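Sending over a structure as structure tokens; questions will come in a sec.
Chain nomenclature is as follows: A, B, C, D, E and F, assigned in order of appearance, with residue numbering initiated at 1 for each chain independently.
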């Protein structure tokens, strides 16, 4: 039964990776669409390998080095729950490179990026994941002793999203902006997205899959909570409507705004009041739009899909918001404290920022992380994959 | 457990909204694709707000104005069933504007349409929904007393589809036809769809999601019925094959024909014999094709996606067909009477037609519902969203 | 409960048909996209009819010629399990024409192909399906008596995939290569795919749906096994990474490589060790790439999507691999023997090859199976459906 | 014979085509081009950043006619294509030395259907 | 030098290109256009409603050659592009006063590779 | 007046446009074409099979100028468009007999903005 439950959840989160792929395909220029697709699916593959052999062990101390008969598959009625749990948690872990991908796209080299994926999913992500979700290193105990409650991150606003979003900071800055994005005289050149329907498709797939991400984070069918589902819904709606208004009808903002709400609601979706969740979503939608414009146009950080504001900022907001709107004072279920949420969140952000700069700087120094100028101009599709997105139309004749 | 069940259902019906979006994106002209996408997703957002604060109360008398602890979330083992039920029913309610959207697309103004969504989902839809599914106003009791059985609409052929389809009638007529659709000398000009693969994608998403719509309408995992699943399947197949033949291989008819069958089977899917369902689907497929051509070419009603024949006519057919093929005489499970089905259906249609004209006429009179001629010519994408569907290609240079 | 379980599975496998459609849409030339879409969805319709009235009876001896009340719908708490089981198994049966479709696309006539679908899904597929999964004709008993174990094909590596893939052999050879594919002087002309994003979308949908295909093959929620989920995951990853390397970053190979792994893992996913599954997937990915190039460029068999290597070869490999990696010696759960797997697999392949040549040769001789040269040149879209994939852009002006 | 090529605003194509047919021109060829002139292109905003549109979409319509038709054809185009706003476009007249109808091999005046 | 521009049926492009190469033309430029002539466009049906196709797709292929080559080139095109059916297209010959090869600055005959 | 048409490498368009503006040309029209010349097209591989690319993408940019401007314009284009590699393209100069500005009806020199 719980195997069924988690399988559905894992399949839904697996689908989210298709969502990441299409969100990116729609946002990049046409000459980089194929690369976006291949990078997202192969990053999922590399993540699986890294998490299977290293990451899962780092986070939970579990390995699979035994015959099937001893892997708790058949006995105890657990039906291999541990395995589907691996699958479910892997789909979260693999979200890390999928998130970062949107920031570094259109100019990153293929194999150095794959190496980064291995390091992030094998080591850095599970380090923090285990700290929060498996009580490793006594961090949660310390928080509870100090602030009266452990850090509560039900479905990963911080563990997954803020982690991914702030890891992207180091990646994006190490890479530098796309050619022609910022001129020497300080002008900011817009680079237009290639395909809004694909962008929207990606967003829809992510939205739907997110209910697997959040609801199935309960882990067991009996633990599934209608509150989580409703809160996720309302935060999504809050995010998209806020982004509609603040983003002046821009389709990219609207479709990403829904995601901003969902990112922010993960942490406290099991304890906030629905109205609280709606509000958290509205704030996330606003934050995303302003954060995006601030980053791109003022700070001149060329984060193509805006993953730093989307996953990073809104994720951190979600971690903190759980400490506010989860409190019984605001109609929530309680069991959280503001300080534990704040400290837990900032710790995650700090690890992500440090880890991101570290990993990408090292890779850049050793192998080089950025496409040659010529390849970037030609596009990653032809440079790396020798084929364009519409080969019949583009490549013959 | 039931929370899990309904969450899966709700996620599937949520996905259907992506289906609505892409069905529309594929059918409209390219200059209106972005608007179709944004309208469908934001209509979902506005619907959520309207149903949360008003509609759910109108239909079922339920509100959420209490701390989480008192919302039956944790106690009683219900795990917040009420909340996921809200989510599930909302996805149905939000189908109303999504259905209408296909009729009024390519020329409707954005904010007046949002206002219509609020009114329809907050008031008109839940008025009839509560009457049928919550026994409000004694309507069902009266039907049962008069005709021997209440009106049976298992998954909303009438409550959702006929309602949406016939609400669209007032909307489409109030708006008027697209520029150039009908010439003064009585010629009918075809306006060709932009993208058949997107249309087909939308249809597929709707078809798959529909099994959540129908099967999960049982409300509890133990109530889930294989008969509902099988009947939905066969009606879908009947509809698509009939539309293939009658529609002379037209891909739009084929992909919408599947939906026609599914619309018609909702009401009686839990009581009809599979062969009955197949037949009901075939009739729906034929009705859709002929109804579409009649409406567009003879009656000159410019219902872009054909939502009036699809959801309206086939939905009404479904309501009545449940009274025919649900009877034990035709191998069904019984418990329905033809007259109750007929009266229940016609009541719904009447409310929809009246409500549609009322709402859209009032909005038209106060704010104006239609884009200016210039904006319509330029396309809703640039006029409302300042961006086209393929910005990189269309907009620079 | 089990109805819910199988409904989710059936919906997921239904979605896979959308995946088949888009994989094909993306791979064919633009002038054949509409036809690919219509053929896949209507083949699903024809399959349903054939399997409902004939195939299900051939395989399992079950019919539906009785009033609903007697169809075990309401009693026994089974909730019409038999019916949703029909639905689930139908989605497998309908995969047969969907698989073949990818091989014969761009030149096959519409109605003769529909006839082939009826014959294959009504007779040939259920013949072998019943033999393996229902113990028909004593074949499994004989295998068990002779080799110590019956033929183990958990989720259809052979029953579905090798069957479909090798049925395609006869179809593709009977049809012949597309115009201009191979020149008289022995040159092989590449025909480029139209749309990589659609190809990738199809692959993603298939990947996600596959977890319904495999996990839900358990039949009951309590039987669902985490091992199956994990093994499917690892084989998918093995296949895609192997195809990435061997296929030199080609996006088509990568996205199909994931499918190759999934095809191969079906048979033994419930008994292999995860590492075994990973390895099986890697081998499948390599086999697909080399098999594809061998078939197309050396043997000059114009199997457009490469369904013979993908489903045929990798499916057969999966059947045999279950006998190797399922053994306890290699950490598997045992209960299989190499010889039974080999003989079972070869029997399936033999039936498929013979059946494919038979059916297509007969249809070719009686009705003709191939489009006229003129129609093929113009494209199946205009020839059969009188409309192109982007009508607004292509057809007016 | 003379070739008359007009660069016009795309939405004027139908009007110009009708005008040409009316004055007896029976053959014409059309293509989509991009132009830069007094109507200079412009700077647009996307999410707070600028992008520069150097060229605006135009339609080129060209027809080869007999010398004596030139004046009336030019006039007809001017009338049909003019909106009075900048960017209405230009008409160029050039000399054509020889015309051949591929189907029949007919030459010059005979080749102009 | 003369420019020879042929408006042909799109599916004839390969044949015409081969024919040109055969008679020694080494450079040519091709673009997709839409044409209206005797082959007038047509009215199609979509779901019972009409839509009008005023222009049919054509391909324009043009090459600049030395004066003495004109006749043989025209002939080659006529032969390669003709199907005998309406809509086969036209060939126009115009005068070119100067040709420059950008890469080298060579002029006129030397610039025609 | 003369029409100067340059067939150039697509990525050189911006440079050529700027060069033209600098020498005082204010109007120009651009279209995407495909060319075949010394740079002959090529054979590519896809999954072990060949496909032939006969034509390479080029951009055609054309401007009509007064006679006395021709030399400086040609020179400007040559400078801006040249990379020294095969396929840089050609410039063709032809005579234009009449120019009309649609908006105002102005003719010839006055019509060239």
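Just so we're on the same page, a contact is a pair of C-beta atoms (placed from the backbone, for glycine too) under 8 Å apart; a residue touches a chain by one contact, two chains touch by 3 or more.
In this text the structure is predicted, and so the values were computed from the model without any measurement.
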By the touch rule set out at the top, what is the minimum number of steps from subunit A to subunit E? 2
Give the chains in contact with both subunit A and subunit F, ordered by label. C, D
Tell me which of A-D and D-F has more C-beta pairs in contact. D-F
Could you grab the centroid distance between subunit C and subunit E? Build each centroid from C-alpha atoms only and quote it in angstrom. 47
Centre to centre, by mean C-alpha position, how many angstrom separate subunit D and subunit E? 18
For subunit C, give me the residues that contact two or more of the other chains. 1, 8, 191-192, 195, 201, 250, 252, 387, 391, 395-396
What residues in subunit F touch two or more of the other chains? 31, 34, 44, 46, 51-52, 54-55, 94-95
Those chain pairs meeting the touch criterion are A-B, A-C, A-D, A-F, B-C, B-D, B-E, C-E, C-F, D-E, D-F, E-F
Parts of subunit D lying in touch with subunit B, wherever the complex brings them together: 11, 34, 44, 46, 51-55
Per the touch rule above, subunit B residues touching subunit E in the complex are 187-192, 250, 252-253, 292-293, 296-297
Using the touch rule from the top, collect the residues of subunit A that touch subunit B in their complex. 1, 5, 8, 12, 29-30, 191-197, 200-201, 203-205, 207-208, 211-212, 215, 221-230, 233-234, 237, 240-241, 244, 248-252, 254-255, 258, 271-275, 328, 331-333
Contact footprint of subunit B on subunit E as seen in their complex: 44-52
Listed in rising order, the residues of subunit E that touch subunit D in the complex are 2, 6-8, 31-38, 54-55, 58, 60, 70, 74, 77-78, 81-95
